[in-house]
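Consider the two complexes below, in which chain A is the common component and chain B and chain C are the respective partners.
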Partner chain A sequence: MIRRAGSGTLLIAAWALLSAAVTAVMLPAAASAHGLVGRSDLPLPDWLFAWGSSIVLIVSFVGLTLGWRSVRFENYDWRAFGGAVAAALTGRVAQILAGAVGVVLLVFVVWTGIDGVDAPDRNFSVTFVFVTFWLGTVVLSVLFGNVFRAFNPWRAIAHVVAAAFSAIVGQKQTAPLSYPERLGRWPAVAALVGFIFLELVWGQTGFAASGVTPQTIATATVAYSLYTFVAMGLFGIDRWTDRGEAFTQYFGMFGSLAPFEVREGRLGRRPVLAGTTTWALPAGSLALVLTAIGATTFDGAQEGVLKDAISSTFQTFSDAGLSPVTALRVTNTLYLTGTLLAVAAIFWGGIYGMRIVDGKRSALELGRKFAHAFIPIALAYLVAHYFSLVVYQEQAQFTFLLSDPFGDGSDWFGTAGSGINYGLIGATTIWYVQFGAIVVGHVIALALGHDRALSLWKDPRTAAYSQVWMLVTMVFFSVLGLYLLSQANG
Partner chain B sequence: MGIPVAHAGHWLPYVIPGAIVLIAVLVASIRERRREAGGGDAQD
Partner chain C sequence: MQSNGTRIAALLVTLAAVVVLFFVFKGGDDDNDSTSATTEATTTTTTQADQGGDEPKPKPEADEVAVIKVVDGQPDGGVADLEFSKGDEIRFDVESDTADEVHVHGYDIEEELPANGTAKFDFPADLEGVFEVELHSSETQIAELTVNP
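The block that comes next holds the complex of A and B.
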């Protein structure tokens, strides 16, 4: 007999959704007449996938409640790898090589950005920064852990400069300032918002005269490099890398899902997903997760659901006398801000619901305790939204952009004449990948939330009762993600 | 303005699952509160 909090009521909800979905499938003509049917190459209307994901989440919740009765991820075991290979991977030679690769790529981005052609699609820098680096490193991080820390070019350059300086003056240098712990990851959040602004607001003006040009990429890269060097000089190279450096923190967030972790210079393994349980401890971690989700949400909404609204607001600002470029940037700034606030509102709605169970804990404490559960959602949104972009643009990256990075007609590796094969994956395949990513990401998020609830409240019934609100949040985010995708795809 | 009512056919089917789950969770929460207030052991 089901005696866990809310399980019976939720199963009735799942049954109601399933019954209505089956009825809708049995009456395709009626659904079509109301304009509810999605793309013709899908066997079902796309909204039914949202209902399907909701049913999967409800059933997963009930399954977790009934079958997952003890804490599994908290205080996880970490075991160092033995052997020469593991030692070599974190050894001095590997660190120097990885750092050198990072520095070469950083310099090449700036060089191609300055010297290459203006066309963003024919210049190495734009695709490299926004696709290969920004998205590709996420894939590597999820598989292998926070690999970017090793390749971080700013950290590598700073260590070389610091070592040279120490050798000249004859004593080891120490940072003049102590990094305030209360700042946590907030500097990384601020820089991340800046990067997102560059990508989604500055670069999405829709006018040929502006947008993210290779020169803008080069300028932004140099500016961020200078800012990072100053911060590293003030607070210490590794201290800044481990708190304030935006990309190490962003990729490290996804790296916490991976089964590999370096501790005190030694490579070891841990249970998959377990690294998330300790990742969100510093201040600002929650903001980093929500910003990542919000950025992808806005990117998707910009292309679909918010398109008309953005166009209308843009027209209002244009009529008020702003130049077209300024009007669109102001408009997109407002909608980006609104989207970030909306994502935060869904999150906090679930957290305040949880306080029904435990009013003694503050919402902020609960928010921080459950922030890590939303990392899989940030990943799911990324995969769903950018999967096809990566498949297409990486063909460019490793063919003509590799052979002709400046766009000046060079052919270094004989692949300059290659193009992008847009037939590599079809629209239906893309949709199923998107749907799969959304469902799996949210189920994993539920599991992480459930495990944390068991750790906080000990009693499985109380833990499950708290997590019904997490379920609401997960259903909202999964349905929102699928709706945004359906609108952008349509 | 953002989501016109005229296009409700597009977004309404997506709202339904969230609404159903939210109502179910509210019902479950109210039942749990009553159980706690009454000191009983309500079964879902």
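The block that comes next holds the complex of A and C.
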């Protein structure tokens, strides 16, 4: 009985969404372009959008009715790797090397940012920070786990300073303050929003010409470094790294999908995806996932779905006497905030629906319990929106930005003359990657949500019923992801 | 009573079936859609240069070349939409009252634009995607070039 009701609700919701989506594609497609990149993606064609949405719906429906009956990912096994290679990878030498690489890159970003040319596309710092670091590290994390923790330059510098200090004073220093556990990952969320603001609002349309300059990047990097050192000094180096340091937390979120995990200094293996089940325990984790989804949503929407709304709001501020740059930044701040709130509202809608199954658990508890299931969706959004950007800009990173990072005409490795081959991937390849990312991300999200429901409500029927609501939310995000792609060029 | 394995197998089979169906029907959908997309493009694009109508027909001659007028460093009538298909010959002219340089991103083609003169563009559409056409001095976008596959 319960199950029937559940399926009925799902069908109605599914068809409502599908019809909304079909109506949506009748709207004319808008398109604009990034400042850094010479080529933007063509909007996802309507037929591919329709197929993507249908597959998402069908798979969700089948997954719900067939849903498995025993928990698969929770309380997973972790087995340490034996052998010298695994030991070396987490050993002292590897840590020092990784830390040194991180520090060199950090210094180089600041140096090129200050000393290099103003043109964002010819200065190492802009492409490195927003593409190689911000997007490339996500790829590494998904494959190998939270690798950034090892390369974290702030942690490396702080450890060296602390070791030097202890050697001089002759005693080990302890952190003057204990980190309040209530704060959880919230400082990381705040810094993440700051980074996104710098990229998408200050830099306007994806760090365009008049937005983020290399100098701004250098300033922001120095400011964030100082802030991090102070926090590490107050709360302890590793404590801050494991809670408040934005990038370790952000990349670690994606790293929880990977089959590798370090425990007590030893590298080990775990089932793929299982790491997510424990990732979302600290406070603020949910906000981190939703912020990641919201940021990509905004970047996609500002060039398509929201383009007209943004330009009319911009006009209003402009007419009110603000300078064009200020007006655009104020406008984008409002729309970014709105997008983040909307994403959170949709998520909470699904959570409140779930409370129908179990009124004893608070919405906050349920929200935290299911936050991890949205990590694959956050990843799918990133892949779908930035795949082509990474393919183009990494060519720049490893050719002219490598040989001529300051843009001053030098040619260190003989690759300064090479440019970006925009013909490397065709429009259809990009479409299939986008489509595949959203569909696969949706299926994984579904599996994680279902698994968590089974571990909360041992009865598979209650679990399936609870997942109707989660599913509607996930279907919404997946269809929204495809819709944004069909309307804009990410 | 189904076992977990059976359920997962059923899910995978369904997914596979949907994907197979997708590729079976894709061709037809693709054709249908490119026709409708072309129709839409023809009706919504103002400075259409070189696009066929809804029926495949011989390419129009060069007398239909789009002209983008630049007045005081701004595109007259807003950012122009240029739409082509891969393999077409991309042709458009830019006229301006002030001297400048026109830059087509992605293709990385630059043409000098003399004051009260015209810069003529004529190159093969071999890259798919959306590209900006800018005035070099002010980085003002004057056209958006779309090349469909």
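We take it that the second predicted complex is superposed on the first by the 419 of 490 C-alpha atoms of A that agree within 3 Å, B and C clash if a C-alpha of one lies under 4 Å from a C-alpha of the other, contacts with A are read in each partner's own complex, and residues count from 1 in each chain.
Criterion: a residue touches a chain if its C-beta (ideal position, glycine included) is under 8 Å from a C-beta of that chain, and two chains touch if they have at least 3 such contacts.
Keep in mind the model is a prediction, meaning the values are calculated, not measured.
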| item | value |
| --- | --- |
| Partner chain in contact with A:354 - chain B first, chain C second, else both or neither | neither |
| Touching partner for A:469 - first (chain B), second (chain C), both, neither | first |
| First (chain B), second (chain C), both or neither touched by A:487 | first |
| Which of chain B and chain C A:312 touches, first, second, both or neither | first |
| Partner chain(s) touched by A:47 [first = chain B, second = chain C, both, neither] | both |
| Which of chain B and chain C A:428 touches, first, second, both or neither | second |
| Contacts of A:131 with chain B and chain C, given as first, second, both or neither | neither |
| Touching partner for A:479 - first (chain B), second (chain C), both, neither | first |
| Dominant toucher of chain A (residue count), chain B or chain C | B |
| On chain A, the residue positions that both chain B and chain C contact, one per complex | 45, 47, 50-51, 54, 58 |
| Interface residues, chain A side, partner chain C - complex | 28, 31-33, 38-42, 45-47, 50-51, 54-55, 58-59, 62-63, 66-70, 209, 419, 422-423, 426-428, 443, 489 |
| Residue numbers on chain B that touch chain A, as the complex places them | 1-4, 9-11, 13-18, 20-25, 27-29, 31-33, 41, 43-44 |
| List of chain C residues in touch with chain A within their complex | 2, 4, 7-8, 10-11, 14-15, 18-19, 22, 26, 29-30, 32-33, 37, 40, 44, 105-108, 126-132, 139, 141, 144, 146, 148-149 |
| Contacting residues of chain A [partner chain B, same complex] | 1-10, 12-13, 16-17, 20, 34-36, 45, 47-48, 50-51, 53-54, 58, 305-306, 308-309, 312, 353, 356, 465, 468-469, 471-472, 475-476, 479-480, 482-483, 486-487 |
